Each structure stands twice: as structure tokens, then as C-alpha cells.
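Accompanying notes for the structure given below.
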Amino acid sequence: MKYFLQRLAFYLFTAWAAITLNFFIPRMIPGDPVQALVTKYQGQLSSKAIESLYVLFGLDKEAGIWDEYVSYWKQLLSGDLGLSFTFFPTPVSEIISESLPWTLLLVGITTVISFFLGTGLGVLAGWRRGSWTDGLLPVTTFLSSVPYFWLGIIAIYLLTGPDSFFPSSGGFDSGLVPAWDQYFVPSAIQHSLLPALTILISSVSGWILSMRNMMVTVSSEDYITVAHAKGLSDRRVALSYAARNALLPNVSGFALSLGFIVGGTLLVEIVFSYPGVGFALFQALGASDYPLMQGVFLIITISVLVANLLADIAYLLLDPRTRKEG
Amino acid sequence: MTQPVLEIRNLNVEYGLGEQAVRAVRDVNLTLHRGEVLGLAGESGSGKSTLAYGLTRLLAPPGVITGGQVVYHPEKGDPYDVLGLSDRELRSFRWAETAIVFQGAMNSLNPVHKISTQLTDVLRAHEPTMSEHSRNARAREMLKLVGISPDRMDAYPHQLSGGMRQRVMIGMALILQPQVVIMDEPTTALDVVMQRQILGQLIELRERLGFSVIFITHDLSLLVEFSNRIAIMYGGRIVEEAPAGSIYRDALHPYSKGLLGSFPALRGPRRELTGIPGSPPDLKGMPTGCSFHPRCPKAFDPCAGNIPVLGRPGTPDGSARTVACWLHPTEQPVG
Amino acid sequence: MTIPTSSIEQVIPGQGSMAQPETGRPAKAKRQRFRFVSNRKATTGLVILGVYVLLAIIGPWIAPYDPGARGGNLVQPPSADHWMGTTHLGQDVFSQLLVGTRSVMFVGFFAGIVATVLSVLIGVTAGYVGGKTDEGLSALSNVFLVIPALPLIIIITSTLENAEDWLIALVIGLTSWSWNARVLRAQTLSLRRRDFVEASRASGERTWRVIGFELLPNLTAVIASGFVGTVIFAVLSEITLAFIGVTSNTTWNWGTILFWAQGQQALAQSAWWWFVPAGLAIALLGTALSLINFGIDEFVSPRLRSAGKTRIKTTSGRTVRMRIGFTPVLSNSPEPHTRARPVPGVDPHGATPVVRKEVAP
């Protein structure tokens, strides 16, 4: 429990650091992005909306930095992330709450599948060293060096087309309205297959390699020899002794590398025009839509922190040494 | 004492293949008799642990057994060669007939499983018909036998002290009542008091349960105290084998004498500590002839040229001991 | 986006002993370094990397065309004139690739150096000094570790207008040092407890001497592997930034090529020559760097070395596989391997003793 609380405190601290970073970055932007917007939408912006944008960008010349920081937090806690320039005048929070489920489902599910699949293959490759599984290694090394988005491009080039089963872009058929019905759900699944496959192929190799190396390292531990000496079945030694221990560093590796993986997967959304936060970020970049960019960064960071916490809980359950005695 | 339980015949073990292979165990012949404690001593690198793990094919790659037999005499039935068993047969042979107490109790237990799991999975593998309840009862009984309170069944290895972990390992080794228990430096990680306590307990258990022990250590004084017979290894070969008392009183091989001189005796008259000059031989480039001759204080003509073979010396107690040394002419080779 | 595998375990508290690299004393290091070069994976990686470095230097001179110069042949497949075809403006893709190498390599190495210097400063200090300093620095690296680096880099560079390569490299370097710092801290902690470091501390050596002469030589492998890992990350990040159009598209790098290919519907026109070469160039560079890192990993923890010959023939002609738990038995004949004769009756007292030098005690 103590371990868990420590981790929780750490993640809260990190969230605070990320939000503070987010507060300072826009203050580096040269010029006055808000003024440009105000001029563009002359008369359409309420004075309250202008006010809120000024707080976000720190252009309120009269307020001190501390006051700005306090009002930034107030605004954030009330769920106000400002208005998006690109989808004017939709609030950023609305855009994010629409796109986040897409990303969570696509990236979340594929990352978890990739972790389990890669770990499983890594167990095989590490345990049966010198067998056919060694042939996997050069392939996985190459695949893990390919940028996610380029693999996406190749997938679109090779697998999509006018009469292909795979759609080349979007999250669902353009004629449909998002709803949990028999038309929309299959279409959404069909659209997510290729992006998911892309993420899977490029991220699975990392897990294979690290789990294989961990298995090789663990295999020469004394307790593995003991397990063999005890006359246990090969399966039991491989899974319950070797893999069970090799899994621990891989799970913490999972937590630590989430930040990297999520970064890569956002780009897959861009290539496939998939309606998640990565695509939203891309659209925001094109239009210098700073409020949306910041909102996306914030939500990605918080999602990664939550995922990290989940991985920590998994580690806690897997390693008895982190549990408190008694 | 006369009936053999395990006979090692010309066992050869190498690490690596072809030209770069290192011969770690060379033509070792050794017999373990029913109910005895056979001590195996030697400096590190002498091949004693390799020999012990080679017996049941537990050496990790690149270890290779290049020849020899390990003949096991079961309580009932005909003797058979352990090295000739199929993987499946070997699996059921392991632990049921020969169990091992490993060096360094710290890493011998799987850190992520409770000790109850690690005790009962042996039973599950070897006696699949046993009920869960009787497996647990048996595990609890073993803990009690080695002096650990059965309520520690649910403890994880990291919650136990080093001595307790080693006791768990001993309990685990005895759970299937094997004929042979191999102990590889079982107490080196422990303090002296704990060492003696655990060894004393083991000897007592041996008297009750009647298994034989191969006890491997570099600490000859422990062996003199706890074993019946002692075999001394050097450079992958056995250079002398004799009853513990004979080794202690009049070791014949200069190397045995040197080893004895490097440890303080816990009992008996005081002796001067001397130690052996030089360092153990490099297994890659063994000296010709007797591998000990470059360090031997008594080396003479034939030592550098020819390998002396283990045989019975012409001493009065010569029928009970063997030695491989040019200083001690032997009548007939053994093995 | 690979994870340096050997480093994970070293980071995990309680798993340390399992993965302690057998770091030799400085004197031994030279011979080991030589052995590293003889590692096949590392050599392959270094050779490929060498070719890239060479191209980064001479690329702009040997490029057949000006990468930005427009030509008459629009979106042409590879031909003798244009080895990798042309773009929508008739630009030569091969020249773009050659010229772009310099920017990619520059950003990769510059960011790698920035991140490595930072990680050594922060990681080694934290591990060596300990106490409150360690807690503070560790918390800092952990924060940077869990904040998703790529989105952060995107946000920061998007606020910079027309950032030069060195500025992009700086941003990448400043945000990607944390993993290495963490690994270095763990390594320093374990080295600090070794005898030779304790000894020089106890003998009153100055701190900077202990760190410079005792610690750093033994951290070389870890630092090198961290550097290589950061270069991979930096290269991918730079290309990503160019691909999504955050950075200026006036200097050429492989991401720029992909940006135009994506933006000008190369896919719809089936112009595979436009986007395949750049991606392969990235993948090959990444593979080379990964291979170097595998070499370092295997050098640091010998257990990972590939098993070598794993199938062997027994005397009876069967083939067995080397594996843990079942040592192969090549022959189980009870014949001795050495033909030793019984010791005949030699009188030891009458024989001449062997003359040899006294062995020093």
C-alpha cells in the first residue's frame, strides 16, 4: 500500500509539472495569436471568451505571473481549455471529449495486444534459443526501426484501393452518424483494422526483443536449475519459473515506454485520418491552433500517467517483494 | 556400507566444443555407497561442482558430457545408466532418486512464488495422483522436519533469513525421500554457527531417513567432521580417495596435505597453517603429466611426463583407499 | 522507438544483481573494447553507420541534381536520369535523399550528444552524491520519463518559427535524456559500492578524480548504448516533425520528402518511389544503430550472446541440441579418455628431484 501511495503521489506531481509546463510554453510564442483571432472573428467573440484566451496565453499585461498562474488553474479545474481556432467556436474540451474515445480504443487495445503477443513470442524465442525462433530476431529488429507512420503509408499503398476491404482513411463510413448501433459499430471496426495492424506490427517487435533478452538472462538463474533438478515439466519451468520472473522487468518497461509508444501511434492516426486526438493535434498544428494543441498535450500526458499507474498496479500484483509484509 | 548406490564410471565433461573445449572433469571414477556421506573437496575450478551437476545432466550450455556412465542402483530392481535415460525418464528420476541442495540459498528459490508452491509443485510433478490436501500436509511435515514452523508455508523467499531458506531447500530435497542427496557448498553463504547447526541437523536426518550424501565443499575441515569418506579433486581428476580419518591423519597426496594445511582444524591438536603455493591450473592449458607437479613440493622425475592413475597404494590400509601419485606406487588401477 | 533492452533490468530495483554487467577495471577495458569490435552485430552496424556518416559529409556534393530544382518530368518512376524517380515538381528524389542525409545525421548526433551530456551529469551526480540531491534529480528524470516526449517536442517546436536544425536537435536533446540518466544512476550506485571505488574514496581522492578515472571508464558501455538509443529517437523525432509539417520545409531531410509525398497524393498516384526510399533509409539507419546497441548489450552481459553452435552430433550419429536443463551426452561408453598407466614401483628417494624455481608465496 505504501508503494502504491508513493507512486500515486509521484504521478500527481508529474501531472502538476506537465500542467505547469503547459502554462509556460505558450508564453514563448512570438506575437499575439489571440489578437489575430479576435480581429478575424470581429464581433463574434464574447468578452468572456476573449478573457479566457488571454488567461491561456498570458497576454494579460496587467496581471502578474502568479495571478496568471492561479487563474489558469481555476480555468483548468472548471474544464475550460479555451476555444479551438480550427473548429471555431467549438470549445477545446468538446473536441477532445469527441476524439479521445477513438484514440483510447485504438491505441489502448492495440498496445495491450501488442504487449501480450510480443511477450509471448519473446518467451518462445528466449526459451528455445537456437531453434527457428532465432530467425525472428533480424526481422523484428528491422520492423522496430521503421517509423510507425511510414508503415502506415505502406499499408495504405499495398492494402487499400477502390475494391479493397480496408478503407484508407477515417474512422467510419461518411454516411453514418456515431451511435452504438448495428451500422456504425461494424464500420468503425472495419476502419480501425488497418491502423491497428500498423501499430501492432511496429510495436510488437520491441516487446519480443526485450522479453527474449530477459528470458535468456533469467534462464541462467539458480532457481531455473533447481526447477530442472526438481524434474518439473519443461512447460512449468518455462512459464512458472522463467517467464514469470522475466515478466517483471518487462512490465515496468511497459510503463516506462508508454510515453514513446503513444507518441508513435498518434502519427498513425494522422496517416489514416483517424478521428482521434493525434489527428486533432495534426489539424491544430496546421492552423496554429494553440489552445487545441495544449489541450491535446495535456490529455495525452494524463492518459499516459493513468496507464502508468495501471501498469504499476499490475507490477504490484506480480512481484511479492513490493508488497508489504503481513 | 558395502552396497553401492551410485557408481560414476570414467565421467568426462567439457565446456565448449572442438578445439576450444575445456575439459573440466576427466575420467572420474567414484562410488557412493548406501547410507554414507561422501565428501568431495578441491579448490574452485577443480571440477567438483561440474561433476555433481554433470551426474544428472544439469550443466548449462556450453557444458557437454563427452563420455562415461552414471550407474544408479535403485532399492528394488536392476541398476541402470542415468546418462542413457530419455528426457522423460530423466525428469522422473530427478529429485525422486537424487535431489540437490544448491550453493547459495539466496537464488535457489523462485522469488515470485510462496514456498508452499515451490514445495508442492515437486509433488504435483512426481505424484500426480496425490490430493491437494495431502500435498500440503506433506510440505508442512517437511518444514517441521527441518525446524521451520509450518505457518511459514505462505511466506515468500524474501521474507525468510538465509539460514531458513537453506533449511527450506533441504526440506525440499527430502520431500520425495530420495536415495541420494547432493549438497553443493550448502552452507558457504551462512555464518559458522549456522553452518554447523544445519549440517548437524542434516546428518541426524540422514540417520533417520537413510539416504546417502555427496557433500561438496572447499572446506576440508567441515568434510573431516561430517563425512565418512573423502575424495579430493584437482584439475578435473580425483587425486585421492580415503576414509575421512585416514585423510586427516595421513593424507598421501601432497595436494591433500596442502589442502589440510590451509584450514584450521576445529578439533584435535593444533597444526601450523601453510597453504599451497601457486594457483589452480588453467583448465585450458593443463600441465603435462600429473597436473599438480608445477606446484608440488615433492615433484620428481616421472611427474612431469606421465599422468599417474588412481590405484591402491602399498600402505597397510591400502585396501580401503586410492591415490594417484608417483610417490605412492600402486599395484592395480581401480575402475 | 525501441527500448534498450539491457537497460530495463538495470533500472529495476531488486533485479540489479541479475544484470550486473561485468565491468572490468580500466586496464582490462582496452582488450574488451577490441573484443567489442569483433562482435558481428556491432561490426555490421558500425559499417552501415559509417556509410551514412560518409553520405552525410559528401552527399550534397555527389547529388546529381539540386534537390529543390524543378524539372520537366513530373512524377516519373525511376529511370537512368532519375534513379529514384521524380516528385510532383520534377525534383530528383535521389538527390533529395542524399542531401537530406546530412540534416538527419546532424540532428541525430547533436541531440544524442546533448542528451548524453545531460544524462551523465544528472545520472552520475544523483548516483554518486546520493541523499537529497539524488531524490531531487531522480524525481526530475522520472517526470521527464513519463511525460510523452514526442507530443512535447511537437508542441515546443510548433511555437518556434522556422527553427534551424540545431534548435530542433537541442529541443530533442533537452527532452530525451531521462531514460539514460536513470540507467546511469543505477549503474553508478552499484559501482560506487565496488571495492576499487570505495578504496580510492577512502584514500582521499578528489571527487572529480574518482568520477573521472574510476567511474566513467566503467560506465563507457552504458553511456555509449544510451547515446546510440538517443540518436535513434532523435532521428525518428526529426523526421516526424518534418513529416507533419511542424518544422520548416526549406531544408531537406527524409521527413521533408515524406511530407511532400503525403501532401501531394503520392499514394493516390501510386508513386511508390517517392515515399519508399526515404522510409527504407530510416529503417536501415535504425537497424544499424540497434545492431550496435545489441553488440553493446552482449558485450555488457555475456549471457545474451547468441548461443553459437547449438546442434551437436553424438558419437552414435544422433543430433542433440544444447539447452538449459538437459546437458547433451555425446557418448556414454565407460571407456576412459586418457590412457594412464598404473604407477610402477619407482623409489622416490633414489630419484633426482625436479629442479625448478621456488614459487613466490
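Some notes on this structure:
In this document, chain identifiers A, B and C correspond to the written order of the chains, with residue numbering beginning at 1 in each.
Please note the rule applied: a residue touches a chain if its C-beta (ideal position, glycine included) is under 8 Å from a C-beta of that chain, and two chains touch if they have at least 3 such contacts.
The structure presented is a predicted model; accordingly, all values stated were derived computationally and were not measured.
Looking at which two chains touch through the most C-beta pairs, you get A-C. Located most centrally within the structure is C, per distance between chain CA means and the overall CA mean. Note: the chain lying farthest from subunit B is A, by mean C-alpha position. Between subunit A and subunit C, the centres computed from C-alpha atoms are 25 Å apart. Computed from the mean C-alpha positions, the centre of subunit B lies at a distance of 44 Å from the centre of subunit C.
Centroids built from CA atoms put subunit B at 55 Å from subunit A. Residues of subunit C in contact with at least two other chains: 307, 310, 322-326. Subunit B has residues 53, 58, 60, 90 in contact with two or more other chains. Annotation for subunit A: residues 220-221, 225, 228, 248, 319, 321 touch two or more other chains. On the side of subunit B, the complex with subunit A involves touching residues 53, 56, 58, 60, 90-96, 99-100, 102-104, 107-114, 121-122, 125-126, 156, 158-159, 172. Against subunit B, the residues of subunit A that register as touching in their complex are 220-223, 225-233, 236, 240-241, 244-245, 248, 318-321, 325. Interface residues of subunit C, counted against subunit B in their complex, comprise 307-310, 312, 322-338, 340-346, 348, 351-354, 356, 359-361. Residues 9-10, 12, 17, 26-27, 53-54, 57-69, 81, 83-84, 87, 90, 277-278, 293-295, 298-304, 306-309, 311, 324-333, 335 of subunit B are the ones touching subunit C in the complex.
Interface of subunit C with subunit A (complex): residues 1-3, 5-6, 8-9, 11-12, 14-15, 18-19, 139, 142-143, 145-152, 154-156, 158-161, 179, 232-233, 236, 239-240, 243-246, 258, 261-262, 267, 270, 272, 275-276, 278-279, 282-287, 289-291, 294, 297, 301, 303-304, 306-307, 310-311, 321-326.
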